[in-house]
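Once you scroll down, you'll see the structures, which are given as structure tokens.
Below, chain A partners chain B and then partners chain C, in two separate complexes.
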Partner chain A sequence: MNIPFPNLAPVTPEIIMAVAASIILIFDLILKDKSPLALLTICVAGATLYFIPSSLGETFGGMFISDSYSMYFKLIFMVNLILTVLISLKYIQRQKAEYGEYYSLLLFATTGMMIMASSGDLIVLYLGLELMALSTYILAGIKRHDIKSNEAAIKYFLLGAFSSSLLLYGISLIYGLTTTTDIAKIAAYLKQTGTSTPLLMSMILIAVSFSFKIAAAPFHMWAPDVYEGAPTSITAFMSVGPKAAGFAVIGRVFYGAFQSVQADWTGILIGIAILTMAVGNIIALSQTNIKRMLAYSSIAHAGYALLGVIAGTQAGLHAMMTYLMIYAFMNIGAFAIVILLDKGEEIKDYNGLAKSRPAVAALMLVFMFSLTGIPPTAGFIGKFNIFMALINAGYAWLAVIAVIFSSISAYYYLRIVMNMYMKDMEEEAVINPSPSLGLAIGITVLMVFAIGIMPSIVIG
Partner chain B sequence: MSYPILSTVIFLPIVGAIFILFIKRTNESLIRWTALLLSLLTFGLSLPLFTSFDKTTAQMQFREVSNWIPAWGIKYSLGVDGISVLFVLLSTLLTILCVTVSWKSIKQRTKEFYAALLLIEGSMIGVFCSLDLFLFYIFWEAMLIPMYLLIGVWGGPNRIYAAIKFFLFTLVGSVLMLIGIIVLYLNTGKSFDVMQMMTTNYPYHLQLILFWAFFAAFAVKVPMFPVHTWLPDAHTEAPTAGSVILAGILIKMGAYGFLRFAMPILPEATKAMSPVMMVLSVIAIIYGAVICLGQTDLKRLIAYSSVSHMGFVTLGIFALNIQGLQGGILQMINHGVVTGGLFLAVGMIYDRTHTRKIADYGGTASVLPIYAAFFMVFTLASIGLPATNGFIGEFLIILGGFTASKLMGILSATGIIIGAGYMLWLYQRVFFMEVNPKLQGFKDIDMREILTLVPLVILVFWIGVYPNTFLSFMDVSVQNLISRVNSAGQPQVAQQILEVIK
Partner chain C sequence: MVPLNWYIGLSSVIFMIGVVGFLIRRNIIVMLMSIELMLNAVNISLVAFSHYLQDLRGQILVFFVITVAASEAAIGLAILVALYKNKAAVHTNEITEMKG
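Moving on to the complex of A and B:
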């Protein structure tokens, strides 16, 4: 049997990433000072960004697809990676977690996400997902001496493994039904046979597993504990990257494989989306720790992004992708402020911040209003786009529910603003500025306003 | 005109606010003077709107159109007609007075205060000038941020509660309108162009739904009964400048929204719903006035009187005839002038006594005679005494109300009587009777404060004696609006009949 050598052009970005991750592991043994590794990681991300546009095509017999859909997600992953490295640099030194593996694992995790976004086959999808998940389990627990970090890693691992097994179960049911794991072939098969009970079961299993990844209710339980325990930089990374990757595969599988049975999965997703928005927004109201609050807020945002998928149209898919891009900027921005503050994990730490650090408070204000979705910030554009697609698809009632929950969310975001501006300070806030962190905050705040005022840069 | 007036008037304050943020914090006098200069300059630049406005046409004037977000068909589209032009001028004028009245009373975070004030000014003018619904919504919502901070940071003791309440009430209303806007957009062939919407006929059931979506946002802002409860808290707790902006302009945006969007875009629904709106208005008039009688707090009393006065405005608007509409619009200006003046005046005495309780006053007229005279003018204008502006507005509204429904006319007239009751009683308790010992030794208002009040007093009498200066601005536009509302639906009825025949 003669197996032709596969065309490697479409996988160039992934190859660069994986090779670089391995090289960093070796450098780690030689270098005492780890900060050059951060620089290297950013350079790799830059190089990958350069190769992404030219990677169009399919390879490995259609198991790996690089199209505009996956490219957009890879762009989000690169943004996520670069911003995470920028906010990590000094922070992990402070947290005494500066290992070379940190950067290597970030690269591996991102490679996993890229493979997920490009998967044309359920097995490849699973491979990417595991690469991403295993790397993030370790990253969540990288503060070895911190018991909360350990707890986060174990919790994440157990529940993550559980969800992976559900995914495998779902895939095996599909395989039994269609005798293939190729997404395009499954789609073709289902077009002929239509819906059936085993198919519905496997769709539910797959939906549940993906819901774990994007932290959608009722499979969100891990998120607050993991987000709180993990190093803040990794929390920022996890709240954007794996979530976006989860959405990428939801789009691939539900729009690709299950296109013909849309009516069946829309119902499942609507239920999940409403519950997710409700749980995320309502529980966030009572949080006292800002990382937990942002965890619930990220659950809620997954709910909004799901609405784009539910719309079931190209516009809806685009809106979901744009939303994730915007979310990356505003959420990492908010986490960057948390990192900037020496003591910034409890919500009461923000009391009177506007007095002692007016500039920091003003930046946080921008991110909070953007997360609420108030113009002229990017958050508004993201939500507007989603609602527009949703209403256009005939789900105006769902949009009404979403805006009501969105108004509820205003309360907990505003509470941070209220603490910063309207309460008296308990003690002078100490900040840990560094050039890289400043750069990250600068980029995010600039993008929040740029997208808010000129949305043409992300839509279309 | 060689410059884009509207854009200049919108963005000069906004850019100025950002500029102020970069001034050194300790240099407070520079901050104040910059803010004053900016607000004066904005006012000066807005004057061509007054002088070179063409009163003979209902067309939008001073148009500025350019592409903004082509992918969504969104345009940066500005323009004013006879309905909106006066509000732009009112905004630029009141902002100056807000700057001067806060000159000494704002002692902490001066920089942020004036920046917030100017940001509010810019976005308010943006609301009145936008002819693209998306742009309108951006300004409408963006204004919430500085206003929230203005109430919450520089307000009274209960400011945090008031600020959050204000924000949440307005936000819930606004997002429901957002859904309405998107539905409208999809039904207008993917366009946010207001001019295009005004000539499109939407199906009746859609109009009804959209009307209530817009109602959610506009009624909260006005505020109409029963969603008025944020107003007394916000007005009372806000700093003087905040109360003036809220009462003077911000709540006008709700009524303006009805005039600019709800009525011409959804004429049939407006017609069908006008009895409901009139009933709600009359409830607001009487309920607001009765509540005023029971108030023990100066600012709270004036806040509730706003509910009553805005009831007159919406009554006039939804009477759907020329007198009512003209009266409604003029009364919006009047209310901005008079209630703005009352809040300014209350702010001045509060700076001295630091109490808002009516019981802490008494005999003020003999301690601060000049102040008392100014307050008298605003009190009488608020009651609607002939020769003051309040009379013209309320007269027209009640005339319009009678034409639409006799019962509504009679009921709303009782509001004026109660209004005279609570305002005169307030004046008596605060300014006459025995001098409260707590008031001894306070100085009368100084030149800065007099200059703050004088422009409003001039307006009170100007509109009261010769309202035509202002009414002539809106004549043609109002007629155009009325004919749009009244002629609506006929083609569709014809269509339906044709369908039945088929």
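Moving on to the complex of A and C:
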């Protein structure tokens, strides 16, 4: 039997990432000082960015698809990777978690996300998901002498493994029903047969499993604990990367495989989205730890992004992708400020920050405004696009609910601003500036304003 | 020949045992075992479908599932060992550093 050699051009970015991750593991054994590995990681991300536009095409018999959809998501993953490396360089030294594996695992996790975004087959989707998930479990627990970090890792692991077995059961039902795992062929099969009970069951199982990955309610319980316990740089990474990858596969599976039974899954997703926005925004009100608050805020943001999927139109899908790109910048920016402050994990640590560190307070203000969605910041553009797509698709009532929850969110974001500007400081805030952290904050602030003023750079 | 329905019934029963075990047991080792049970239930149904449909995709997926399950167990137990070194606990009721 003669097996033709597959065309490797579409997978070049993933190959570069995987090879670089393995090389970093070897360099880790030789190098005593780990900071060159961070530089290497950024170079690899740069090289991958260079190869992404030329990777158009399908390969491995349609199992791996590189199209404009996956490319946009890969762009988000690269932004996420580069910003995470920049904010973690000095932070992990301070936290005594500077292992070479840190960078290697970041690369492996990002490779997994890229494979997920490009999957044309449920087998590839599952493998990409596991590569991403297994790497992030370890990253969450990388401070291995810290009990909180251990606890975050074990909670993330147990619920993550549970959700991926649900996904597998869903896949096996779909396979039995349609005789294939190829997303395009499943779509063609379902177009002829329509809805059936096993299909609904597998759709629910798959939706539940993806909801775990994007931390949508009622499958969000792990997020606050994991976000609080994990090192802050990894929290920033996890709140953007795996979430965006989860949305990438939601788009692939629900718009690809389940296109013809849209009426059935829209109902499931509307319930999840409303509950997610409610839980995220309302529980965030009572948090005292800023990482937990940002965890609930990220749950709420998953709810908004889900609205783009619910719209069921191309415009909705684009709005969701743009939203995730914008979310990457503003959320990592906010976490960068938390890292910049020596003591910045509790919300009361921000009391009177504007008096002792006016510049830091002003930057935090920008990110909080952007997360709330106040113009001229990027957050406004993201929400505006989502709500527009939703209204055009005929879900005006859902847009109204989302706007109400969005105005609730102003309370907890602006509370931090109020603490910074209107309360007296308890003690002088200590900051840990470093060139890389400064660069990351600079990029995020610049992008938050640039996207807010010229939205065309991320749309299209 | 055993009909397909029996295999699917067996697989769904084992899967449910795994789900219920995961949800009600509080020992992390038992929870890990429940996850393995769920994965193996999926394997049974995949192999049964694969044989019934005379299609190899299902069996290929089973190989991947077995491999991933092995690495998952390795990582899960490693995290558990790290946790146990800091705090001698395998019971989820005792692991409550973070709440709220």
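Everything that follows uses one rule, which is that the second predicted complex is superposed on the first by the 460 of 460 C-alpha atoms of A that agree within 3 Å, B and C clash if a C-alpha of one lies under 4 Å from a C-alpha of the other, contacts with A are read in each partner's own complex, and residues count from 1 in each chain.
FYI, contacts are C-beta pairs under 8 Å (C-beta built on N, C-alpha and C of every residue); 3 or more make two chains touch, one makes a residue touch a chain.
Bear in mind that the values here come from a model prediction, so they are computed numbers and not experimental data.
In the superposed pair of complexes, A:151 makes contact with chain C only, with no contact to chain B. Looking at the shared chain after the overlay, A:175 reaches chain C, while chain B stays out of its contact range.
More chain A residues lie in contact with C than with the other chain of the pair chain B and chain C. Once the two complexes are laid over each other on the shared chain, residue contacts for A:162 go to chain C alone; chain B is not touched.
Of the two partner chains, chain C is the only one touched by A:141; chain B is not.
Residue contacts after overlaying the shared chain place A:51 against neither chain B nor chain C.
Applying the stated contact rule after C-alpha superposition, one finds that A:400 touches chain B and leaves chain C untouched. Once chain A of one complex is fitted onto chain A of the other, the partner contacts of A:123 are limited to chain C, with no touch recorded for chain B. Of the two partner chains placed by superposition, only chain C is touched by A:224; chain B is not. Touch criterion not met for A:189: it reaches neither chain B nor chain C.
Comparing the two interfaces of chain A, the one with chain B and the one with chain C have no residue in common.
By the touch criterion stated above, chain A contacts chain B in their complex at residues 354, 358, 365, 369, 374-376, 380, 384, 387-388, 391-392, 396, 399-400, 403-404, 406-407, 410-411, 414, 417-418, 421-423, 454-456, 459-460. Chain A makes touch with chain C in their complex at residues 123, 126-127, 130, 134, 137-138, 141, 144-148, 150-155, 157-158, 161-162, 165-166, 168-169, 171-173, 175-176, 179-181, 224-225, 228-229, 286-287, 289, 292.
Listed in rising order, the residues of chain C touching chain A in the complex are 8, 11, 15, 18, 22, 28, 31-32, 35, 38-39, 41-42, 45-46, 49, 52-53, 55, 57-58, 60-61, 64-65, 68, 71-72, 75-76, 78-80, 82-83, 86-87, 95, 97-98, 100. The residues of chain B lying in touch with chain A in their complex are 25, 69-72, 109, 112, 137-138, 141-142, 144-145, 148-149, 152-153, 159-160, 163-164, 167-168, 171-172, 175-176, 178-179, 182-183, 185-186.
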